[in-house]
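Got some structures for you, see below.
In what comes next, subunit A is part of two complexes: it sits with subunit B in the first one and with subunit C in the second one.
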Partner chain A sequence: MAGSTNESAIKQSIIQQRKSADRKKLILNLVLLAILLIAPAVLYPVFLMKILCFALFAVAFNLLLGFTGLLSFGHAAFLATGGYTTGYLLSTYANVSTEMGIIAGTAAATVLGLGFALVAIRRQGIYFAMITLALAQLVFFFLVQAPFTGGEDGMHGVPRGYLFGLVDLQNNTAMYYFVLAVFLFGYLLVQRTVNSPFGQVLKAIKQNEPRAISLGYNVNLYKVLAFVMSAGLAGLAGSVKTVVFQLASLNDAHWHMSGEVILMTLLGGTGTLLGPVVGAAFVVNLEYQLSQGALGDWVDAILGGIFIITVIAFRSGIVGEIQKFMKKNLS
Partner chain B sequence: MSDQYVLETRGLVKEFKGFVAVDNVNLQVNKGHIHALIGPNGAGKTTVFNLLTKFLQPTRGKILFNGKDITSEKSAAIARQGIVRSFQISAVFPHMTALENVRIALQSFQGNTFHFWKSGRSLESLNDRCMELLDSVGLTEFADTTTVELAYGRKRALELATTLAMEPELLLLDEPTQGMGGEDVDGVVELIRKAAVGRSVLMVEHNLGVVSTLCDRITVLSQGAVLTEGDYKAVSSDPQVREVYMGTASSTAEVTE
Partner chain C sequence: MDMILGVPIAVLAGQLLLGVINGAFYALLSLGLAVIFGLLKIINFAHGALYMLGALTTVVMFDAFGVNYWVSLFLAPILVGFVGVLIEYFLLRRIAHEDHIYSLLLTFGVALVIQGVLTNIYGVSGLRYSMPDVFRGGVNLGFMFLPYYRAWVIVIALLVCFGTWFMIEKTKLGSYLRAGTEDSQLMQGFGINVPLLVSLTYGFGVMLAAFAGVLAAPIYSVSPVMGGNLLIVVFAVVVIGGMGSIAGAVITGLLMGVIEGFTKVFYPEGASAVIFLVMVIVLLIRPSGLFGKEA
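What follows is the complex of A and B.
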């Protein structure tokens, strides 16, 4: 029958379209990977590592904002908890290896994330954001007051150590490739998660929570798991950052940092995987450029201005706008 | 007695800060019936749906599903047991394709919904069933269309396909034809008629033409309380109903043809 051949033709063309879209994505990812691999030959590795750490932080944050629809205003707490835990362990115990220190920092942030989630997850919208902010302020207070954190000064001179007892991480090139590997692990984990059966449920919750409930989903459980993963990865970013800079700083716990990750994510594009990476690179680079010039004191004001322009005029962020443009002009 | 009813409420009450939105409602839906819940704006119809599906907690009263007390169950658990609702405002996942919308419902019965490490490909085994459901509501060619881009009538059809994917025993439809033109209404009526085979339906509906052709039994709600109950003929000739619901005599004449 004409109807059925027509139908199968439609199905075929749908499958073709899906395949070619997948291929384009793969090629783009490979190009980006190649750039990251050769970047330290061109740019200062420590600067690149800073970008990668913040990119991982923003990717972790975006798992919540972009793919679950939860706005946390307390993610600095996880970055700092990862960083301080790793810093403390590596500074205090000579027999704790670098990778153990990082794993422990990640674990601490994950557990803290579970705590935050259990308190906040039933709240919606602005109330959720406020509770995460309040909890993060408690963590900040703790880090200022606790006897082992170095108070206002933070923790200095954290040894980078050896990776697996073999690779000397004092070497910036070695350190860079390690940070890159960690970043890729986090990025790919989020990519996998977002595209997994679980990720589909998260998207559903983000797009229409009452409908997801009415289809039998106990949405709070999914939100808790997403929150815990996000917190853990933010902690991983903080842990690695501490190793890179040999420093755990109170800046990481300050609510400015929670705001900055929101800015990075919105600027790059919330709905996309790559957006937060681009946003982080943009913000870190801009901060660096400004601090070099006469506008050093204006960093916050300029970032604030960019934030306002993004929210008003470029809702989809850099990557989102590029995607829209390509869709319009290439099809 | 109780196995006659798929759904029963006993003395159901919902108060909002002293305002009684649902007032001592005893509702009985027969198995296999399409049962209409009608009443003027603000009568409490949507609130009753919210109570039945526990989107709101009843102040007092009991809800029985197939004779079993489900008053203290949670929303998600109620959906899994077979009471699935639609919403007054069309409820879809706007930035997913039509196929993905339906698949979310099918997925809910699979053991993999927490599996964040699994590839999305693992869901493709559900696609055939999704296509069947989309076929049944005439959306085959829109399978890969992002839902926001669908026309309103098609969104509602998609919503119905998604609801049916849950294989509900009792379907709760809140104004399925709201905001639709004549042709679309006829389409939805046909879909509901088809969907109702082998199930029970409780629907809120303002279009009395739809109610008269589709429904076996009608409950009229007014100011939160049950005003009367019966088949279309009995209800439409009830003078109380004319007064509170149908308003003027002329509009009554119109809908009864």
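What follows is the complex of A and C.
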């Protein structure tokens, strides 16, 4: 009998620990949410919106790299497809509302993601990265040459319009809270997914794919679903970004952008939920600071340098390293 | 004038020639990628930047010291190859035991640094490099005009490809390389200096890229951004061919160049996309690539 009391005591203490960890996480999340809510009072809303758009983009990307172990080097294609679709619909049809434009952009990126996934899933590892890169280049060529995309110039003057026909999005504060809501939607969706049984299977695939297969999971189906979801959220980020800046630009489709989102995720911490957000904020802010100073032309070289340092010295990223540190010293 | 499918033969042959030349560059570059992949199991994302470095070194050495084309043909690959050895020794080696995805990202970072720094020094507009006098002019083959330099590029590129194939398949050094590809730990056990072999292999792959760069200097616009987009095409070529064989990389490279050339004649808008489309089709039909062995 002594054994079973002992066991239940251990169980109790584990539950207790989990609860306290959950509480800490909840408090941290609430603090971050509060910061995001009051941020526009302190910082320029457009700058914050840029960070949020890229943060959503990186969170979407991390669902693949961090939680499924797939390195896509073509995520710019989804960002751009979402952005261009929304931009085209909003600037061409006056009766398309802003939220419809964004939903359509997200849908377009989701469908494209399905196409990418079905082709790229046939190879693994670095081949997967190369194939997604090549497919994204195909999208880039399409956007350069298609008659309605504005070619090299991109699409300008996309109207922001009214949200649900009520809220004037020309107002930066209103726009900010809308972007924040979209970001939170994406973030919580990824959080929910990662912590669901589905997410557990994704993690299993990342850790040991052959074992996941031998356990009877249809690994390819899970990979495709994760890829499609990631693509859709990346498209959502692109759609919102187009509305914010009233611009769909070819930069978003360029493979540099695919590299940048990898850097954001890696630098912040792959496989952590907050990592990509931190990474995106860091990179966007860095690019902004550099563009203000004398080092404006050195952005690429400096980003490349950060890439090298991150890969060699701290692969867990900023958030990952902090988590490691907390585990070592606080428990 | 003779026509095929409504296109003058001269135009067709001209585009075909350009296609073969592009194909020769694809072949050299994908060959270098294949050599590096064989032993290091990584995709060298810096390959395009190192190809550019080969071309830029040629131009800069000529402008600054009057180093002529023939010397550059040897000197530039050696210098750039040395840069490659440094990259391997100081960077890649540190994460060799990690997931190969990290090596890919590392070389991507290296490419950004090289390209970014040189863009700041030389700008993005092309630098001029005049070809040696020997190559001025060309020969009229009756159905088309063949510039000497382009003929030279095709011949020397194929020779280098053949030489690489010969070295890997038929020499003792090549046998070490192939053994290392199979099982580098076992080979280390036999007393062969594998880390040195890895450095040299990476350096050699980089030399092939730089050599292609020197060949490109007189005919393509030389600028720090010349390698980036080319590399993505070469990646597609590599996926189409599969990493299975050295000969496969060369054949696929030439084939894709020709296909691209044909597309330029019949559907110019699709020329830049056709290789990627071929890649998609090949992946759907034969996922391991035309010459690939692994699944």
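Convention: the second predicted complex is superposed on the first by the 331 of 331 C-alpha atoms of A that agree within 3 Å, B and C clash if a C-alpha of one lies under 4 Å from a C-alpha of the other, contacts with A are read in each partner's own complex, and residues count from 1 in each chain.
Keep this in mind: a contact is a pair of C-beta atoms (placed from the backbone, for glycine too) under 8 Å apart; a residue touches a chain by one contact, two chains touch by 3 or more.
Predicted, not measured: the structure shown is a model, and the values here were computed from it.
*Asks:* Does subunit B (first) or subunit C (second) touch A:L71, or do both, or does neither?
*Replies:* A:L71: touches subunit C, not subunit B.
*Asks:* Classify the contacts of A:L225 with the two partner chains as first (subunit B alone), second (subunit C alone), both, or neither.
*Replies:* Only subunit B is touched by A:L225; subunit C is not.
*Asks:* Just checking: does A:G199 make contact with subunit B only, subunit C only, both, or neither of them? Give me first, second, both or neither.
*Replies:* The answer is first: A:G199 touches subunit B but not subunit C.
*Asks:* Which partner chains sit in contact with A:F307 here, subunit B, subunit C, both or neither? Use first/second/both/neither.
*Replies:* Second partner only, subunit C.
*Asks:* With both complexes superposed on chain A, which partner does A:V179 reach: first (subunit B), second (subunit C), both or neither?
*Replies:* In the superposition, A:V179 contacts neither subunit B nor subunit C.
*Asks:* Looking at the overlay, what does A:L135 touch: subunit B (first), subunit C (second), both, or neither?
*Replies:* Only subunit C is touched by A:L135; subunit B is not.
*Asks:* Would you sort A:L266 into first (subunit B), second (subunit C), both or neither based on which partner it touches?
*Replies:* After superposing on A, A:L266 lies in contact with subunit C but is clear of subunit B.
*Asks:* Along subunit A, where are the residues that touch subunit C in the complex?
*Replies:* Interface residues on subunit A, with respect to subunit C: 71, 119-120, 122-123, 125-127, 129-131, 133-135, 137-138, 141-142, 145, 255, 259, 262, 266, 297-308, 311-312, 315.
*Asks:* Under the stated contact criterion, what part of subunit C meets subunit A in this complex?
*Replies:* 42-43, 91, 94-95, 98, 100-102, 104-106, 108-117, 119-120, 228, 232, 235-236, 238-239, 269, 272-273, 276-277, 279-280, 283-284, 287-288
*Asks:* Name, in rising order, each residue of subunit A that touches subunit B in their complex.
*Replies:* 7, 10, 14, 17-18, 192-193, 195-201, 203-204, 207-208, 210-219, 221-222, 225, 229
*Asks:* For a test of understanding, state which residues of subunit B touch subunit A in their complex under the given definition.
*Replies:* Listed in rising order, the residues are 53, 55, 74-77, 79-80, 84-87, 91-96, 100, 103-105, 107-110, 112-120, 122-123, 140-141, 143-144, 162, 166.
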